[in-house]
Amino acid sequence: MNISTSTTATTTSKNQSQIEQALQNNAAGVLMNSVTKKYGSFTAVEDLTLEIPAGYYCCLLGPSGCGKTTALRMIAGHEEVTSGDIFIGGRKVNQIPAAKRSTSMMFQSYALFPHKTIWENIEFGLKMQKVREAERRTRVGEMLDLVGLSHLGDRKPDQLSGGQRQRIALARSLVTRPQVLMLDEPLSALDENLRVRMRTELRKIQKQFGMTFIQVTHHVEEAFSLSDQIVVMTHGKIDQVASPEELFDTPASQFVAKFMGDNNIFQGKVINCVQDSDLDLIQLEVEGLGTIFCRGHGVVIGTEAACSIRPDLMFVEPYSPDLPAKSSLAANQISARITAVEMTGYVTRVCLMAESTGQELLYKVRTEDWRSNSLHEGQLVVLSWSKDNCIFLAY
Amino acid sequence: MSSKIGRRTLLKTGLAAGATSIAAISCSPKQETSVNKSPTLITNKIKDVTLRFVGTGAAQNNDIRNQAEKDLGFKLQMRALSTGEVIQIGISQPKQYDIFDGEFFSLPLVFPSGNLQPIDVSRIKQFDKITPIFTTGELYSGAKVNTSQGTAPRKVMFVKNQDSTEFSQEPTNWATMIPYQYGADTLGYRPDLVGRKIESWAELFNPEFKGRTSLLDIPSIGIMDAAMVLESQGLMTFRDKGNMTKEELDKVTQILIDRKQDGHFRAFWKTFDESVNFMASGEVVVQSMWSPAVTAVKARGLPCIYAPLKEGYRGWGGGLGISKNLSGIELDAAYEYLNWVADGWIGGFLSRQGYYSSTPENARKFMKPEEWDFWYEGKPAATEIVDPYGEKIESKGAVRDGGSFEKRVANITCWNSFMQEQVYLVYKWTEFIVA
Amino acid sequence: MLNNKNLSTYLLVTPQTLIFVLFLVLPIIAIAIVSFWNFNGFAMTPGFTLSNYLGIFTSKVYLSTYLNTFKFAAIVWLICLLISYPVAYFLAFQIKSPQWQTIWFLICTVPFLTSNIIRMIAWIPFLGREGLLNQALMGLNLIDRPIEIFLFSDFAVVLAMVQLYCLFMIAPIFNSMVRIDRALVSAAEDLGSSSFQIQKEIILPLSAPGIAIGSIFVVTLVMGEFATMRLMSGGKSSSVGYLIKNQIDSLQYPMAAANAIVLLLLALIVVALILRTVDIRKQL
């Protein structure tokens, strides 16, 4: 891998600009307008409307079965839409076959042709487009250089490692100079370390060429690290479209909040709402825990709702009987018992259980900081957090 | 068919194994026998004997077995195979059988192998009732059969003495096989499709029937039928059709190939069923045939004639030989069986299918007078004629094709044969088939 | 520990090896030995002669029998392939439900549910001069006299063999095809392949191992065939298998053995040629 990365840096410099030029300014945006896909009585994607700007790295994120792959395959032209329209670069493509959409797809299993050499695999798309032999040779060579695997042109796919196959699949998709590249779980077949490295590389190539990447993944960290735009999907619908930062800071729903990771969520009834600066201050009555303060808007008093607090934005202190209950309006606090402590590296995960309700909670802290306190498993503690970090979730 | 044989073989092996284990318990270790040997070797009562047969379909039959077991008190184990297989087993697997039920023409191959023991004629009580066809070969003075060609049974019926495997041309006290069935084969045809009488072997190659004839694809028999045809057409003459020279074989084959390439033959048959199907479906209107096959075509309600031809019949005969492995009580049982066969029950049974009995007088005792009159005397059927299984095969008033026993058998001019040039014959026949 | 493991491995392969040696290797060795024995027209005698083999290679009759056998093997193979490839493709790619795949497959095995005798009897009323097919064609006024070559001809032999052996081609091709990752087809489409190019570039090469295995089945089966050949040609055509059977029936064991050995070697050569062309290991 190191070898190949350095190869990329050195040998490709001379023709790098050529390829980039060929590929750049060639990105197209994608628009899905009320797209629905049904398989018999089962609705895989329901009334999906989504705009992906040209040159964006967009991740479709969600649990398996949420419709993200179906959405991707419809854009690529491998599935027909049941209703609605798809536009690529402003052109309606509903009736246009996959090969003519100026898109290219990288499959989850890479779908390299096992009976063809690496060279032939990459060359395949050009051959199908009836590109002349000489040009084919140049372009395949460039692509192999780009992914740093020029020396493997004669091998067959089964003689390659997972990471190498992934690069070849990428090269094969890029060689036809698509406007939109679609990637279906491109990293899921790789082990953890390789996944992180390839992630970086994918992002680099996307930036280099500036083309639109649409990637399907169920891996939150991957989506965060790669995307300009994340589309969180569940049950065939979009829950939230946002940048990674937005998504991290202000999940729009309980589902997103949960899916984003380890956010602590409290469900209750809205009992009060006070206008305050740009976000309202909301009081949520949580059974067994009393009132919890959070920030948000669009609130109807009396409805069932929830709020979310990130596990790293909480504070933990040892419980003492003389600690005043509900010291101030500014802070939420509850008593909980530590049930487990997991040191995962830089971060330590502390599992807790609310004393009054038994709800499981999570607190994350830098391992260094955790070491400096004297808390331990089984100890009763007080968890507190600021109302400003606590996000109101309407649904 | 093969599965049947498989089951029988299995049964037999099982019995043998069982007998061996009994032997191991009841006898001294010295007498333990190998599985290959007869399981009855250690018994001393004739009712415990089991005789194992190997033969072709006609007499390897449950009705015959049941009757024989009832009359004789010991067991028979029958095994029905093709003519070729019977000969192969006769020669190469002598431990597989106690009684060899084969055709006389196979004896020049089988007897010299030493697997059969000469049969003491004096122990066959009814031997004098056996038709002279087998003993002297003379049916009556002036009959064509007296000078018939081919491997006539009389030529291989006797050996010189008890220890000899050399055939004697005169009757002696030592027989190779005791005959029990024989027949006279000829052409069968569909009168409704031919539209006239067929009276000569030459008709088989008549261009009138182009594409609608068939020949038997068993080299040694097929070549003789062809020879009959060529002789009657006047195209060739033979010193002995049952023992052709290479030159004769070359010539016959060449003519056959010409006929074949001319599209004269619709197909060739090898099994009984095929010959019946060809004829019944009308694919073929005239072909060489076996008597029961003609009966089977008639049983389907189609007219079929087993033509008496002016050049005569091709005859064949079957008999029973005794394995050289038999001795003592088992040998006694084998002789008892041969005597039972000569007594006539089996002759009556086979006669009702159109075969002839080697002891016709005795067979007559087991037949109704009207059956005897129909099958042997050539008289019109006084009643409906039924086969041994009760199926009607002829209506009242019908006459047997070719007439009486005397007329038919006397007209056998040639017998199924084993030729000196057998290897060359098979080779030439192959040439004909692939041409 | 290592020894134990080795021992158990040997024990596991022993029954198979014994059966293989007892029922395949030894009989073939016996046949090979007999093929050098003398034959005097009545019986065989142990010895060493090449005349049985010389007979095969110098005889026009035997050579034309071998040629005839190869001719049928080639024709039946080609037709089986032309029929089986689309059928297997249909089963593997067009039928989505495994249940229906099974049902269709069972339909393909119907020819095997009848015995040779039944088939022989059934062909006559269908293909015969007065058979259904001729009657139908005449009824439709397409022909005015029965077509004779429907039965007892090379045509009939090929027809029956194709009907009989197609499944041996369909099954391995189907097996190869179901293993083809559907994503490969999508990828090829994505890269601009037409349906024809997908067949030529992806499905055909990837089902080659199945085609090879099917070809081995069909070619070796047809080369050893004698029953169908005899029944459907009405005994008017011959194959090496039938030649061997005739020689056995005539007790000419040494010649039959020599023919059996030559046929075996030829079959092995054909198999070797097929294996040289296609790597079937992926299939196994």
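Odds and ends about this structure:
Read from first to last, the chains carry the letters A, B and C; within each, the first residue is number 1.
In this section, a residue touches a chain if its C-beta (ideal position, glycine included) is under 8 Å from a C-beta of that chain, and two chains touch if they have at least 3 such contacts.
This is a predicted model, so every value here is computed, not measured.
The most centrally placed chain, judged by C-alpha centroids, is C. Chain centres were defined as the mean of their Cα atoms; on that basis the chain farthest from chain B turns out to be A.
When C-beta pairs in contact are tallied for each pair of chains, B-C comes out on top. Distance between chain centres (mean CA atoms), chain B to chain C: 37 Å. Averaging C-alpha coordinates per chain places the centre of chain A 89 Å away from that of chain B.
Measuring from the averaged C-alpha position of chain A to that of chain C gives a distance of 56 Å. Put simply, chain C touches chain A in their complex at residues 181, 183-184, 186-193, 197, 201-202, 205-206.
By the touch criterion given at the top, residues 82, 84-85, 87-88, 91, 108-109, 112-113, 211, 214, 217-220, 260, 265-270, 273-274, 277, 281-283, 420-423, 426-427, 429-431, 433-434 of chain B touch chain C in their complex.
Listing the residues of chain C that touch chain B in their complex gives 39, 41-43, 59-62, 64-65, 68, 117, 120-121, 124-125, 128-130, 148, 151-152, 230-231, 233-238, 242-243, 246-252, 255. Every residue of chain A that touches chain C in the complex is listed here, in rising order: 76-78, 97-100, 103-105, 107-109, 111, 113-115, 124-125, 128-129, 172, 176.
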